[in-house]
């Protein structure tokens, strides 16, 4: 029953680029504080910030065969999202696979497991968010699936959903909600610009957000 | 009963600057190996090294309202110390709050929970030591306290205590002990200078510290 | 019964240098996916890559006395490998010991516990792989052993075994297998060069490794 | 946008009872080694074994309001499945809610968070599988959803899916696959009965499963 | 500077007994959701439920000497609370110490570290809440303190504070608040009795707590 | 290169029985506080206490094939010790294998991974110490080794070494040291009997162990 879905729908490129510019924290807030992958998903090297369409890969524990299969399904501008069917820290992914993905225009990797050749990944400027760094090799014995819905670090990722990732972590936006979430995220940013200026000039959040009455009503005492 | 104490005593500025120069490991040793916060408290970006007076904030899980309240209590040169009343990795703090704190002359943040906008925090050179990096948003529903004694990462921090923090972690020094601890720390450093020179020149610690007899007495055998 | 073995055999210097050039992931694969230390062993600063002969130290929990003893047993080009007899995150090691080791030509430290003075360690370019960063001080009360077989982060390390370490982690190679493992590792690298070129040019791993038939035989379906 | 779906489809009662009899390990194998919730989900008391239709609840961190809402949606024979939108160990659930659920014929609770009043839960024979035991109270401030698909301990659970749980943990079976999985699970059990008898009589698995040739072919040597 | 305070004040015996009857979850709620020790503090054997005055012990890592010192400070009806100055899972405590404590009328032990001889502890019916079970032995080399304020599993415990402990975990009540907290806890219990009856008879919490309007006002939709 | 060693030496049966009677904590102390497996190794059911000769099995991650191979190498009175070559929580072992082992007179299992069918294991009174309980199935694809030295939960176990295990955890005694360790352990027990009696009668450890002078000499003050 293992399958590879070869056709998936993707969000519009402009929407994806717009979400990249907003960043993880803003996008997560804009869609109602959902879609965040577990905080243990950390960038292998810091400074990357992107959004891309997910090509999802469900892999057996300690077996990276399906990643090779999934490379072929990558379109320019996609990101690969790998989720093991049971928890694993093994090193599923290294510089050879990164080179292969870059050759296809892949923007990066999100993997709820380990990666290796991390010095090379940084040198290649190939962005990776992973659960672990581990040189532990994997086998190629058992099939999995490509482009089915997966649970990656506690979040459901459907093929074609938009992944937003930066130094704060990784967030997933449903493909069909992406345009709407972008609008809300951009509204937040517009709104935050003015606030930031005021806060940076020394205006207190207590005054800016008019919190003093609510605090007093809840019973806060100054002593 | 939630309260904000608006007046706290602080250690003398010279003492605080002196402790900053000594660093966490030395200060911790100088005061008898106490006061270290849990080793899971890591700098969001490496290279900061400081000491400052603690303004303490006790916050409910997943609720950052009181941080806004506490900003007003910050004096130039203080550091904010945030402790949730039950464990949380949520992202209580981001770039807007950092800008607000910097506007008041706040030196940094120590938080036994998560923070976000970490790329911005590094760019702003706002030092943060935290338990986690997480974009997970928080609510503003429940009160807490400002400037009461808190337990942060396993250590008691009273308002006005001196926080020393660098790449090794975070240490707290009781305000009333600060001058005395500084003297002991400076004595250690003076003492270490000479030792360092000898060790770097190839003298063995075994000889420098005259350990050979004690080792033999305890029964160590060379074979 | 605590002992210090003063004579250990080491692998040939050329073999050690050869292994350093191969890196952890390749060496680990070349020797049949064994010898990897636990993935929680992380470099204190990134960018170091080395191989060296292990001088092993078995230490009591929270007691670093034997590290001082072991310094004397270091030959130029060795690495120190420290394993507590029960789990500990304490800061056994700092800049003074690092200076002392550098004076003897020691290449680095692998320790299944904590270290401190990490900003200094990076400035000194002294490579350390550790379980934790912690300023927590240790005592000097109880003996341990130098140059006995130890279990470090889940792997057996014998004195004189070759430690290979880089940003991916740490791997141990039996001294007597080192020359043979080097050959296999170099063969992998030679073999990978051509593969890398092809993958980078866009050839799919599916084709390069001729996986399509095996996948079909196992039942993979494209839909 | 928070919603309560009041109508969900459930699997046939006979199928559910059949799956309960098979147990978690067998069901998990029968459906191709998928559907297992994270191994950190442990029974509060040992000895319960059941299968039931899931009523799912998505709750904010540290807020148990929606559990009260979900009680009303329970039909006799259901199980409640609670998943926080960000990780929490708080004690969302205690004896009062358990009594309320029992009054409605609810078979148990699966919660990716904490519970309390555990002595009472055992005395009431109300089965609970949870991530933690914690007395930490929660608030009733923020809405969530009832009977939407949730990710619970890493597994997707749709309302109406069949939950199988025993001392080994918790497994979810898609409602539409339940009858088919039951057949496969029962076939495994029938098949295992004969095997068990032989193994218990001293026949080796090596012979029973005819493994010797495959092992030799792979290169296993007896020395 | 290590000290043993030989005189501490205790709460009234009736108050202590009253709190024992209320249990951890209720007491924790009654005092405003504070005072809970970390949820990793688990009973070595289940079924004990008690309240007692704390005799506090601050111990070095892996060193149990001060526990012997503290035994003498135990009065009939006290509980010993042990907190290491840095994290440790070592087995500080076993059957001999338990016998010694029982001889003095000590009600139990709370220790943020490990214990051993757990089968004996259960047979002796000596209640212990600990972070770990470990046979790892400790040394007797370094002093600590008895009856000073300690941080145990994240909570401040002062000598003479009331410890409440049961299968749900451990909670500390300030000695000076104990009588007041007891009243609030008893009021909760009185109030809960009626609620429990109604809920058990099938009345929904939604109706009992009159939640429907608030939920609708927040925007909850039934679909 | 995977091998099965078919001949191993074992300790004398009387020595093994003697060690069983002493228990883990005493044996661990008697041999100088070494040999303890990591404290995360917990009994699946409580109350078993045994000693036995180790038949060791090195298994790949998530692959239990070699356990079937190892069953044949079990002699009456042995215990099986399973160590994966990289960390795994998968359920390598269940009731069928337990039945097969019991048929050969095997006393139990120690496994640095997961097991399943735990209710059956308890009913069969087959003792198991494991890192995890998990229903997660494994494959039978890759070879490993039987009766080679392994690292299990951080401790080296050689084939034929004596495993001592009870509710406190698991300890390994070198086969060649077993008789000597037994003598020391029995001496401890003889010595403890008298101490226990005195302590239980109310004599303080401070007096029994004559600690008062040493404490005063170190500077302990009573206030």
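We call the chains A, B, C, D, E and F, going by the order they appear; numbering starts again at 1 in every chain.
In this text, a residue touches a chain if its C-beta (ideal position, glycine included) is under 8 Å from a C-beta of that chain, and two chains touch if they have at least 3 such contacts.
What you see is a predicted model; the values in this text were computed from it and never measured.
Trainee: Report same or different for the subunit C and subunit E interface, where same means the shared residue numbers exceed half of all residue numbers found there.
Mentor: Result for this pair: same.
Trainee: Taking each chain's centre as the mean of its CA atoms, how far is subunit B from subunit D in angstrom?
Mentor: Centres of subunit B and subunit D (C-alpha means) sit 43 Å apart.
Trainee: Based only on mean CA positions, could you tell me how far subunit C sits from subunit F in angstrom?
Mentor: The mean C-alpha positions of subunit C and subunit F differ by 28 Å.
Trainee: How far is the middle of subunit A from the middle of subunit C, if each middle is the mean of its Cα atoms, in Å?
Mentor: 31
Trainee: Which residue numbers or ranges of subunit C touch two or more of the other chains?
Mentor: Each of 1, 33, 36, 39, 86-87, 89, 136, 142 in subunit C touches at least two other chains.
Trainee: Considering only which chains touch which, how would you classify the arrangement: line, ring, star, complete or other?
Mentor: It is other, because the touches fit no line, ring, star or complete pattern.
Trainee: What is the complete set of touching chain pairs?
Mentor: Touching chain pairs, listed by label, are A-B, A-C, A-D, A-F, B-C, B-D, B-E, C-E, C-F, D-E, D-F, E-F.
Trainee: Any idea which subunit A residues touch subunit D in the complex?
Mentor: Residue positions touching the partner: 1, 32-34, 36, 38-39, 85-87, 149, 151, 154-156.
Trainee: Under the definition above, what is the set of subunit B residues touching subunit C in their complex?
Mentor: 23-25, 28-29, 33, 36, 39, 42, 46-47, 49, 166-169, 171, 192, 195-196, 199-202, 204-206, 209, 211, 215, 218-223
Trainee: Quick one: which bits of subunit C touch subunit B in the complex? Just the residue numbers, please.
Mentor: Within the complex, subunit C contacts subunit B at residues 1-6, 65, 68-69, 71-72, 89, 91, 94-97, 99-100, 102-104, 114, 116-119, 132-137, 140, 142-143.
Trainee: Name, in rising order, each residue of subunit C that touches subunit E in their complex.
Mentor: 60-62, 86-90, 136, 139, 141-142
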